[in-house]
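Several structures are given next for inspection.
Two complexes follow with subunit A in common, the first pairing it with subunit B and the second with subunit C.
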Partner chain A sequence: MSTATETLGPGAAAAGIRPLPTLLDAVGWEVRKLSAQIRARAVLLLMVIAPPLIVVIVNGQGRPPKDTLFGRYVHDSGYAMPLLILGFASQWVLPMLTAIVAGDIFAAEDHHGTWKTLLTRSASRGQVFWAKAITSIAFAIVAVVLLAASTIGSSVLIVGHQQLTGLGGQLIPSGTAAWLVGLSWATALAPMIGFTCLALLLSIWTRNPAFGIAAPVVIGLTMQLVGTLGGIEALRPLLLTTPFESWHGLLAQERFYGPLTSGLVASAVWSIGCLAAGYLIMRRRDFTGG
Partner chain B sequence: MTKSTLRRLLVGAAVLIAAGATATALASTSSSAVTRARLERDLPGTFANLYVQQAKILGRPRITVASLHAKAQCDKGGPKVADHGPGTDWICLMSWDDPNVPLPDGSGKFELNVHSNACYTAGGPSKLIGQLTITDTKGDDVPNPVFEFDGCFDPHGDNTPTGVEFPKLPSTTTPLPGQPATAGTPAVVSLGSGPLRLHDGVVAIPLTCSAGDGGCAGTLRIRPGAATATYVVAAGSTTTLNVPLPRRASRLASARLAFTPVIGRGPSTLVETSITTG
Partner chain C sequence: MTDSLAVDAVDVTKRYGDLVAVDAITVRVAQGEVYGVLGPNGAGKTTFLRMLFGLIAPDAGSIRLFGRSWKDAGPRTLDGVAGFIESPKFYPYLSARRNLVGLSVLDGGAPAGRIDEVLEIVDLSDRADDKVGGYSFGMRQRLGVAASLLRDPRLLVLDEPGNGLDPAGMRDMRALIARLAGSGLTVLLSSHDMVEVEEICDNVTVMRAGRVAFHGGIADLRAQAPEQGHRLATSDDPRALSLSGGTRVQEHPDGGLMVHGSQAEVDRYVAAVVGAGISLRALRLTEAPLEALFFMLTEADAGPPATGPRPTAEVGA
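Let's turn to the complex of A and B:
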């Protein structure tokens, strides 16, 4: 807090040199930095290209992958494949997708030694923090939306839009199935934002991009393991991986929304907790030491 | 950098371990979302929906979910294990009304792998519900929707007992003299359907061992002729036992088999069967 960088902004504005940068400006800088990254572009491109390939390959298999929900129906309905891929992606692909950006976005400044440059650009620490958080969350949402659209679109085009057998054995008409599959993918957004905030916190805390990217994936896998163990199931609602399964209720014969609600609460608690911790660490950090 | 990073990591690890320990302590007093009552409510509905799909494939449109009256009684891991929590050891007995498929034991046995997320995979008895693929009305082989299926139930759903209780009829669970009736669920050996085949003085005896503890093993006497053979069949599998018959018995048209099980159980009375030569 004692650094001179914080007071530079108001002083410059008072001198009438230039208006203070707004949060929007700061977000703009972050988006520009992100879109210049080959890694981020490659991830988004992959989200669009990979699903059709996966759908073609899985659809070509004689034996459907029965060990994941809806795997046994991949040949029967084009709505089964997006749910199979959702179930698989939420195991580690989705946490990794967001960690690639969020786990790096703070630590990269440490890595390149650019904090001092950034914080002397008359933007406050709070603005920089929120700009990076908003950019990361936006990236996570865009990645999920692209992946969902590409997966649902390609499997409906390749396999078809037949009626779907739900998780209660009931037949779901094609139109309803399309809605439910879209909604199921939408439920992944809440835990995805939670993982984004977790990766942001780790990125700020460890100042290490590799740790920021890998740790959320490892934490996600660990939570999943904990969630499958019998005997400690009271932990399940607290885990950030449980909301990834809350879409099951939408596909039951009598839809249930309990896991959706508790999943939203868990995701919100994790997101707010991680953001608050990250913000505090960043406010108190001494960047002058380099 | 390295020293402070290490310290941060150590602090982080300590926080995680402390959080984990607290959470585990909190959780150890908890109950599971996976319960007998919730399974007994969900499984019959899912099964009935899929059974109607199967009936349509087989060209029997008169079967409906309502006409099936499916009911289930579930148990986890035998009488000594509490009936809640995830596991691969859930067994559900299920009954349903289909005039084409009589249930000899009053119910069929389904084996369930139930996960902590309230989803399960159920596999049924192929004698009652058919094999992996079935033949539809056009003569094509299609997947059998009830052979193995997934379901998910509401982890906060109604948990009051359903009261479904089947009479302990299944002939397979009748205890034999000298064997403790409480020992888990022993496997039961039985003779496959159809006549025995006799070829070159060797009789082929198809044997089936039900799923259960330890599989089936013991001796088998064939009368008349007094030929004896030892059988070993893994739990849940089928095998064919080839037994050479004494020459004087090589033209039998029928026989009686006496099982003396050592592991698992078997028919307690003589089993009558016919023999075809060729």
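Let's turn to the complex of A and C:
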């Protein structure tokens, strides 16, 4: 060991005033941590690899899955398969995708005992909170974009870019179909962000990574179940799973956009509510452990 | 600001329901001082240090570090302050270097080469690129010191830095702290090891059940220490007891005798026993004086704190 006086450096003699980190600095640190985790990398890799495999398997089957939305057209148009996969992914895959990161990102600090390491630096609690929230939301968006791009790309390459049969039986030209399929996937972003914020809240509230990851999936499935019940028309638009179906209107004979609007509002309410609650917990928490 | 106390905590209280974890303690640490907070587990040391770092909020009292408070200055309160609470923790899937790089980002950046410097100080340069998950406890303790030094602190707060270390690790850690203190750094050290505090610190607060049991200089603490105690076994304890003269000798509840007194008094008594033809079968030092004082201060019923004169800092309850 060298002597402390030699190596403390000129900064040790300074008055101790340090430059405060920016939010971008804190986000950069969260992204570095996330990119070092095998789980996050594996999820993103899976988003690229899995869709072509699914397309090959489904396309190779003699009988298409006729009982699912757009299932009967998967052999006829490369634009049907992405919509089939979007419908399936909305049920539990998308909530799970985002929960893998967002449900863990706060609770992992408790798990590793690193809150005190983080919060005894110069970053504020607010910066740490928003850095984690931004990183989680960015991850969710990247995951959806990768999944959509891989699904649409592989399906068009393997099946082809034929015209698509819409929900009303109308034929949608290839160019329009491509645009509508991309837009349909884009509508999943809003509820995906809503589920991300829900997972963030559960992560910071429960301090338990397993709960933070599993609970959003269970809540999503429960909401879907509730959404199928009769007599809850007033409640259905408020469910976070309902916006996952808002793209149906884009593929109708006469397009309608009401569900898109209400889905955006519901997703925003869920997102803002969960973030606000999580932020308050973060600001007021006594870090007695971790 | 430069004339401010490094730590100025006044009447600080923290409650968890009915439990008063820290009860109106006042700790003032002057700049350049090496200060110890001593107490058994559960005495409130770590709770107090967590309040210094803003990890938990006090229910009453005020805390200023170099004149800045959390209420007024927010994260700026920790400018010039670094350290760790309990055992330092890092991200196990990152190397020591990447951990430090990330932490330096949260400090607004570090000068080029500074990370290598602090790794060198704590003797971790050779393992800097290994994942922290594979580090021993002692290596993580040293990495905790390195992470603290990265902030170029004027006040270093260390919570039981020798905890969990083997004797060699403890020796190295004490030497490191002594060197850092020698460089002019203010050090606030919590410990339950009387020897550690005595060896390193100038002044000390002894805590018991959230309250101050003693505050003062190490010399004052030594002055209050009781006489050392020896356990004695002889071939004829009753007759040996009768030879006590002016030496304080009593029967031990588990058999044998306890002799209290200075080393010279004990030597004289033992010579008298042997001179009387009584065989000496065992003689063992059972309590070092400071250790005995520690137990007296921390296990006795709560009462007003003992104090000693404090030239540079005040501590009170």
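The criterion applied here is as follows: the second predicted complex is superposed on the first by the 269 of 290 C-alpha atoms of A that agree within 3 Å, B and C clash if a C-alpha of one lies under 4 Å from a C-alpha of the other, contacts with A are read in each partner's own complex, and residues count from 1 in each chain.
Keep in mind that, in the parts below, contacts are C-beta pairs under 8 Å (C-beta built on N, C-alpha and C of every residue); 3 or more make two chains touch, one makes a residue touch a chain.
Everything numeric here is computed off the predicted structure, so don't read it as measured data.
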Which of subunit B and subunit C A:T165 touches, first, second, both or neither: first
First (subunit B), second (subunit C), both or neither touched by A:T114: second
First (subunit B), second (subunit C), both or neither touched by A:G28: second
Partner chain in contact with A:F287 - subunit B first, subunit C second, else both or neither: second
Which superposed partner A:A252 touches (first subunit B, second subunit C, both, neither): first
Residue ranges of subunit A touching subunit C (in the complex, touch as defined): 1-5, 7-9, 11-12, 14-21, 25-26, 28-29, 32-33, 36-37, 112-124, 286-288, 290
Subunit A-touching residues of subunit C, taken from the complex the two chains share: 1-2, 47, 50, 53-57, 66, 74-76, 78-94, 98, 102-103, 105-109, 111, 114, 117-118, 120-123, 147, 149, 151-154, 172, 176, 179-180, 182-185
In the complex with subunit B, residue positions of subunit A that touch it: 66, 69-70, 72, 165, 167-171, 205-208, 227-236, 238, 242, 245, 248-249, 251-254, 256, 258-259
List of subunit B residues in touch with subunit A within their complex: 5, 8-9, 12, 23-24, 26-34, 42, 45-50, 53, 85-87, 115-119, 143, 145, 148-157
